[in-house]
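Look for chain A in each of the two complexes below; its partner is chain B in the first and chain C in the second.
Right after this comes the complex of A and B.
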């Protein structure tokens, strides 16, 4: 097992390098450069001043040089400084990551907490009234554009009813409150964003859980369990659920990179300064160091997520346990 | 919200406070009776976060707004667009226009208590021209020969040649030498914790969320009445509007649609005072003057006659704008009052085009000459609905005189690098949002046609060239006025651009604020005089 993990991790390195080369290339193929936003179409900024600025950021060097120096810094775990405000990229990420993580973990918890029971209950009697109702509701949730749902939620709960704040993450002066009101304040602000992003994800997950459960419930061992005279509850949750959740593990593993990647749309509409907006703004401003850092971190997490999913799968399902067969 | 919009929007120099653009007419004037009292908070909003809070490095509009409140320049524009003293009490221009001597006010202090000195001005200049500093503003100071400290309160600036737009360049916020002399300006902590001389001092910055300023009790004019200035980052215009509906923000600029259709509800009427005034920007169609079809001035004049600009203003801006006749809005002293808007006249346009050889010879409904139909592509940038709609209306209007216009909408960076810089366009639909000085050298002088420069239409008129140079070399307002009025007239005659319209800035301000009024430079130039009567103050408990 240990050897397998090491082998997989080592195999990631060339993949990562490739990913970085390709992203670096694509990023530079896009027209425009980081200094444009500050200097372009401003008659008060002369051509010479623009070129000087590009030179200061090393943008006049050949691409392979720029890539080499980026790689050299990364090897020393230095992600460089943003071209936009000259702050260390890691500072910018560290500032945004907790917010996005918090929202995504909460969303994931809500999605799991609602999606799995929905799927399992629907699978008990496929085509029954509960299954049909949830199918309609879930597809409705899946098809509603999240920005529209968000605006609707803000207009209804925020403006019309005054139950929830419209946007933002904190009240204006929350910083100076003691921890308890501050916590409830944040929770208050999070209800809408978490709720809206959960609606969309619940659909997918509950469908996975449903189809997986339906498949499992047709297996021989379930019939055996029922034949033994086990109570239905035990058949469902002990024999059925454990096996039915296997595909969910894969999905969870693969969603690891999603945990740090915020949703641009939700963060923009709710005015939440998370990773999604950081990435979007970096792309729009061609802020190369930030883009590269986020792409690299995303790539590492994707690869790690794959590995974790495989390992979790092996742990949960003896039939595909590695090391023994190979 | 797009990059393109933001870039064009931030074109106006960031060296002075420009909350929502310039101004004139207004629908309401808040009553200013009563005695001002200290207190309350003003919550305003911006679609983008600031990035660096030192004036030299403030390149986006959010950073420009914040540094505009925290720092002072030597001079500023007053409500009538005249240059007046800011940190400088007075100044003189030598007869040859080569030497500017500024005398600082005696009572200007840095927010840490030290007095402002002439040395700080010299230090700011040195940093502006320091090749290691990441500032894009160095070009305005290239003609400066020396900045000399005469004494603590007097600074003498010599130029290699007379340069009238220089006055505007000294609106750049002055930096504190005693704090920054040993700092690397690109990375100093003062970029996120600035100390200036301005009416407000910096308190905190929650990145992407909020910036807070507090009144500077020692401000040299007087302590601002409104105690706190909260700058929320709200990237989405729809969210901003919902925040207005719950009182989450006190000031916001509306879109024409919101202003015309959504701001007349009882709640909005009761809560907000609305202002409306022309911005300094204008939209235009620019022609590639290397294209033989557009080289003929009759063709350009014909298009000018065939575009119904009043219909554009009514249809797209809901009437919240005015027809442009040239690069200067009516409110500018440089505008030529004798240049009248060209009447909409499609028949006249057809006659002009026929003179130029363009007529429907083959009877297919499209103009042609030598067998080739008059077909061209109108190029514009993505992400700006007003622009896209304008293009579509122009397409329809030109169709009526037999011109086949194709519209192409391109992402901003591609638009600039692949099409504008490479001169790969027939005609472009764009906007300029210019600073208050009427100098147009960079846009219309025939020397400014290199790749990346702004006379990308390739306009060359020796008379205009000469006037643009002359306008930079004299400081005398009446001489400059005569020069730029002539430039205005010539541009309207030559039509290198078809000038379309000047959109209005459309801010609303919560009614509890008094003394709010609109001027040609915006609503916020007298921000320190705004106040809220004690009974109406909303944010009473002052956080530590």
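Right after this comes the complex of A and C.
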């Protein structure tokens, strides 16, 4: 197992290098200089002051030097300071990461809690009424823009019915409440964003759970289990689901970029101060250090997620690590 | 084909007719501002109501279908072009070029797509797109597009395309890897065919069926992407109507004018659903063809 972990971590290095090259390349697509925002519309800024600013940010260096120094800094997780308010980028991200992680973990829980049972039930009788219904719903789920669903949810449950709050994470005066009402208040605010973000992933995951279960249920050991007279429930959940869930681990790893990316839309629409909204604000303000830090961190989080999923797979299924070691 | 697939084909055909005929069948000028008629609910005069500036929503949706469809189709065209090229080279050449290209694919897949898209768009690369006209294969395509549509819209097509070729590349590579050991390919190589000829005449035509399936599914995805970007205000810019930016304008009036949010959303869902169903139908046909032993489709 130890060797397998090491090999997987080493395999991440070329991908990390590509990430840094892509991030750096994107950054240099921009016309003009990032310092323009601070100087362009100020008639009292002299040319000399402008150059001093460019020098301060290292923008007068040749490209490969800038890349090298940038790489050196991000290796130490130093993403510089925001052009917007001069605060260290890591501080800005650190205060928003927990919110996004909270939403994504909750979303993941909802996705697993709904997607897997849906897929398993559909797999029990392929082409049965339940399977056909979920197939239609899955296609709808794939085709609905999540931001539109969010808008409809706000219009119905928020504006028309007044059931759910439509923006933010807390009610206005929540700061002065005790912890329990504050917790339920936050949970209340999270229902719409989490629900909306979950829809697309539920569609995808239930499909994978279905096809994986269909395959498992055709195996010999399932026939054996049935033949020795086990109750169907035990066959499905003990013998079937355990094996059927293995490929789901990989799918979970692969769906991470969507989860992290989906937060941009959900957080922007519901005005939740997480990483996604920070990213959107940075894009609108051309706050390059923040944009680049978030692209890089988003990619690294995804890679770590994939790694965890693969390790979990290898831990659960010895065939993987033995097979690859030979 | 199932009845779902037929319904989807019909929807797409109707949509194509609407998009082509929009200038003649749209009841009003999609840009004509008429403030006294602002935010009217659906009525016999304005079937789908009007927006904040009194513009007819139905006419704007009809014109918007042109934008959404062209962006969807062209973006996928770019993605297929790049994906096929990368997949062919990686699969056929193998070795180092395969390793480098496939790590690039892994990397692009590990960065959340919306992050990549927004980051690129934030850099406002419209002028860089003009520079693309000198690139060998892509160049003529981009030049043609620019002569025909607004440069910012071309930029969207190219960027969405450049962010979604990775799936096609993996697919083509996998096909090439299995095809290149088949007898007819070996025979062609033994007969002295150049690598270029083997790739374009022998490998590519046989790898195209799954690419067609994934391209059809990709159109739906590209239309969704365009609508998200336009909704965020970073895609098609007003006053040019696109389904996404009509939704964006409707957001402000969400509480009072539901028709501004409902109708463009339904257009997107119907279109994307139709492309997904047709793609799925093609996939089933392809699988059956393979099971029957032929290369049907």
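The rule is simple: the second predicted complex is superposed on the first by the 275 of 326 C-alpha atoms of A that agree within 3 Å, B and C clash if a C-alpha of one lies under 4 Å from a C-alpha of the other, contacts with A are read in each partner's own complex, and residues count from 1 in each chain.
Following the convention adopted for this analysis, contacts are C-beta pairs under 8 Å (C-beta built on N, C-alpha and C of every residue); 3 or more make two chains touch, one makes a residue touch a chain.
The model shown is predicted, which means the values in this text are computed figures rather than measured ones.
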item: First, second, both or neither for A:154, with chain B first and chain C second; value: both
item: Contacts of A:258 with chain B and chain C, given as first, second, both or neither; value: second
item: Which of chain B and chain C A:315 touches, first, second, both or neither; value: neither
item: First (chain B), second (chain C), both or neither touched by A:268; value: both
item: First (chain B), second (chain C), both or neither touched by A:163; value: neither
item: Superposition-derived comparison: chain B or chain C, residues of chain A touched; value: B
item: Which superposed partner A:145 touches (first chain B, second chain C, both, neither); value: second
item: Which superposed partner A:295 touches (first chain B, second chain C, both, neither); value: second
item: Which of chain B and chain C A:221 touches, first, second, both or neither; value: neither
item: Which of chain B and chain C A:29 touches, first, second, both or neither; value: second
item: Set of chain A residues, in rising order, touched by both chain B and chain C; value: 30-31, 151, 154-155, 159, 268, 284, 286
item: Complex contact set, residues of chain C against chain A; value: 103-104, 106-116, 118-125, 127-128, 220, 224, 227-228, 231-232, 234, 247, 250-251, 254-255, 258, 261-262, 265, 268-269, 272-273, 276-277, 280
item: Chain A - residues contacting chain C, complex; value: 14-15, 18-19, 22-23, 26-27, 29-31, 139-140, 142-145, 147-148, 151-152, 154-155, 159, 257-258, 260-262, 264-265, 268, 279-280, 282-284, 286, 291-292, 294-295, 298-299, 302-303, 306
item: Contacting residues of chain A [partner chain B, same complex]; value: 30-32, 35-50, 52-53, 56-57, 81, 84-87, 92, 95-96, 151, 154-155, 158-159, 162, 165-170, 172-173, 175-176, 268-273, 277-278, 281, 284-286
item: Complex contact set, residues of chain B against chain A; value: 2-3, 6-8, 10-11, 13, 41, 43, 48-49, 51-52, 59-60, 131-132, 134, 136-140, 142, 186-187, 191, 204, 206-210, 230, 232-236, 238-239, 242-243, 245-246, 248, 412-414, 416-418, 434-435, 442-443, 450, 452-454, 539, 543-544
